[in-house]
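There are structures below to look over.
Below, subunit A partners subunit B and then partners subunit C, in two separate complexes.
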Partner chain A sequence: MIVVLAIDALEYTLVEEFNCKNLKQRFYGKTNIKEFSEPKTMVLWSSFMTGKNMEKEIVARGDKEMWNTELDMEDTFFRSFKNPKIIDLPGFSYIKEQHEQERRMLKYYFDAQSEEEKKNIRTEYNNLAFLHHRRIKQEFSTALQGDYDFVLGYFSVADVIGHLNFGNGSMMKLIYRDLDEIAGTINHTLIVLSDHGMERVGIFGDHSNYGFWSTDLKDLGNPKITDFADMIKEIPEVN
Partner chain B sequence: MNNENLKFVIVGHVDHGKSTLIGRLLYDTGSLPEGKIEEIKQICESLGREIEFGYVMDHLEEERDQGITIDTAQTFFNTEKRNYVIIDAPGHVEFVKNMISGASQAEAAVLIVDVEEGVREQTKRHAYILGMLGLSQVIVVVNKMDLINYDQKRFESVKKDILKFLLDISIKPSYVIPISAKKGDFIANKISKMNWYDGPTLLEALDIFKTKESANYKPLRFVVQDIYNFDKRIIVGRVESGVIKKGDKIKILPSGEETRVKSIEEYLKNVTEAEAGKSIGITTEDKLFIDRGNVVIHNGDMPAVTDRIMANVFWMDRTPFKIGERLMFRCSTQEVSCEVEKINRVINSSTLELIAEDATEIKNREVANIVIRTDKPVVVENFNKIEELGRFVLGREDTCAGGIITEPEQ
Partner chain C sequence: MSKEFGEIKIPKEIIRKIEERIDETEFKSADEYIIFVLEEVLKEEDGEEPEEVLSEEDEQKVKERLRALGYLD
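After this line comes the complex of A and B, so read on.
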């Protein structure tokens, strides 16, 4: 089984700072996403699974519609597997309602006038994101026991929580520890990949212009996110 | 409770539960800032995981990084008997540096060992450093007993291993206590699952330790840091031991010149004496040539003024030391160029194996007994007599070794 731990907004500098050994594996580094004008989640994950730059196509759908992107298996490298399991990946098996609600609440937060209102929305927003994280964790854990030859688990918690709480170091540290422990439970060929990282803007977080990768297989240097489709297909277990 | 503080350090292998133990000690003694534990508990629950007390330390470190908490390098808690200060020692290099520089002098140590993993190389190395630094008040805690279902047999086996090693380096721990820092077993509270153990809890054991005798009772050692020439000439320094008073007859070392203290100068204070630990200024009745690194003493109990020192050093630089290389010798404010005349023996600090006698090099993490020749005479002491002038560091650009003086003169 080949496993991809797809973590939205996993920030290289925090993986280093918190010394997340399981997330780092033997080889790790930053991905190069400079070819994209903006580090947009949907663009980057779509480009990852198709192995080509999808920015033009995705952005053309407009800010709202782009979240409805649902690529066909045949357009992705997942087709190389007999029995793949893809959990919650933007542009493929994304649980739209959940993420729509998160985006809606984020907007409410920034529209809210009073501090009290902001505080309540933040709590509700965090709870929503954490609840989803627990569900995905469970689904991912079950998938790892299943009869799949490829499992991809997409974890959005670092991004969703990070947007409103990136300045809360302890909260982020606990999230990174949790993600690190998830990585530590995987006893298969593992690739950890993020679309982009995150940088601090006061208490908030915004996307940084590089992603994170790690593997035990070989040193990939400073790969592009579009390089992973071919790289994964070339892993001997696939053939 | 009395007002005394006991400073102790927790050492041991990196994953054996040091942070969890500190977090648990703070929690069980009610020393955590209000609301902190609840906040961490809530995040842990949100992530679907159990709270671990190691997170408490992470949280406090985070606050320290943000400047919210003033100082968590020294963490405080108290029992009914007294106050405790846990000195943060992230690794053995930091520990040695802190201890040698005098920045944080531990009076006792807790050596933590994971019952599943047993005694590891780092455990031994840390224990060796404790012995080298003369820390005799030591408790061993065998942690994570919950993971082995509180099995007495396994505990006894780990206890036997660690006691054997400690015996070899002449450390006799006061207690070896089975604990679970995670569950809080035998930290503040006893539990029935280990009724085969009838010793004290960790807090009870700590309460039995003695605080260090005040350095006020030792001979005067006022180490000069600088000379300020204002309307009067003020000799600024730190009283490392003893008490200095206005009117005292004093001797300046290494020159040996004598005079009397005309006044004690403390910023915005009118004082006539200063005790150990104080950074003050003095003026003297006679104008003498005094320089940084000089030591002011009372007549009588003389330290050694020598250019030849026998010492034990812990090498902590990746680049090995080779005979012939020149180093800086730093002891208190004294700083002088030196060479190592002889490396009597080199020891592996983890296995205690003798690596070489009459050696020519010392590698990273090795301990050596050496003879140092300084370019100029320095004022030093046997570490067991006056620690403050008995410890030193050797440096290239950065500190590369820490040591204690075993024989000031040969």
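After this line comes the complex of A and C, so read on.
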């Protein structure tokens, strides 16, 4: 089994700061996403699974419609596997209702007029994200015991929580520690990948212009996110 | 290298409250919660953690960025 831990907004500097050994594995580094005009989640994950820059196609759908993107298995490298399991990946098996609700609450937060109201919305928003995280963790854990040759688990918690709380070091540390523990439970060929990282803007977080990768297989240097489709297909286990 | 641990006495009432609180969190035990909280308090005492400041300017900046990234209408 080959496993991809797809972590939205996993930030290289925090993986280092919190010394997340399981996330780092033997080789790790930053990905190069400079070819994209903006580090948009849907654009980056779609480019990852197709192995080609999908920015033009996804952006053309418009900011609202892009979240509904659902690529066909045949257009992705997942077709190289007999029995793949892809959990919550944007552009493929994205759980739209959940993530729509998160974006709606983000809007409520910025529209709120009082600090009290913002505080309450932030709490509700964080609870929503953590609850979803627990569900995905459970589904991922079950999938690892299943009869799959490829499992991809997409974890959005670092991005969703990060947007409103990246300046809260304790909360981010708790999340990174949990993600590190999840990585530590995987006893298969593992690739950890993020679409982009995150940088601090006061208490908030904004997407950074590089991502994170790690593997025990080989040093990938400073790869593009579109390099991973071919790289994964070339792992001997796949053939 | 594994960490060495010592023993410390904590009132049972506090342990009970912590156990209630961690039910809905990522913490797996009261021990884990207590270690995390103490680490954070000590870090704060050492001045490592900058104060969280909510500024209008940061909020506007992030709001614009989230709009550009497709998160907000």
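Everything below uses one rule, namely that the second predicted complex is superposed on the first by the 239 of 239 C-alpha atoms of A that agree within 3 Å, B and C clash if a C-alpha of one lies under 4 Å from a C-alpha of the other, contacts with A are read in each partner's own complex, and residues count from 1 in each chain.
Just so we're on the same page, a contact is a pair of C-beta atoms (placed from the backbone, for glycine too) under 8 Å apart; a residue touches a chain by one contact, two chains touch by 3 or more.
Predicted, not measured: the structure shown is a model, and the values here were computed from it.
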Fit or clash for subunit B plus subunit C once both are placed on subunit A?
clash
Quick one: is A:G169 in contact with subunit B, with subunit C, with both, or with neither? Answer first, second, both or neither.
both
After lining up the shared chain so the two structures overlap, which partner does A:L106 touch, if you call subunit B first and subunit C second: first, second, both or neither?
second
Is A:H207 touching the first partner subunit B, the second partner subunit C, both, or neither of them?
second
Greater residue coverage of subunit A in the superposed arrangement, subunit B or subunit C
C
Tell me which partner A:N126 touches in the superposition: subunit B (first), subunit C (second), both or neither.
first
Which of the two partners, first being subunit B and second being subunit C, lies in contact with A:E74: first, second, both, or neither?
neither
When the two structures are overlaid on chain A, which partner does A:E116 contact: first (subunit B), second (subunit C), both, or neither?
neither
Indicate the residue numbers of subunit A shared between its subunit B interface and its subunit C interface, in ascending order.
130, 169-170, 174-175, 177-178
Could you pull out which subunit C residues touch subunit A in their complex?
25-26, 36, 40, 49-50, 52-55, 57-59, 61-63, 65-66, 68-73
Please output the residues of subunit B touching subunit A within their complex, sorted ascending.
39-40, 43-44, 46-49, 55, 58-59, 62, 65-66
Touching subunit B in the complex: which residues of subunit A?
126-127, 130, 133-134, 137, 169-171, 173-175, 177-178, 181
Inside the complex, what are the residues of subunit A that reach subunit C?
38-42, 63-64, 66-67, 103, 106-107, 110, 115, 118, 130, 163, 167-170, 174-175, 177-178, 201-207
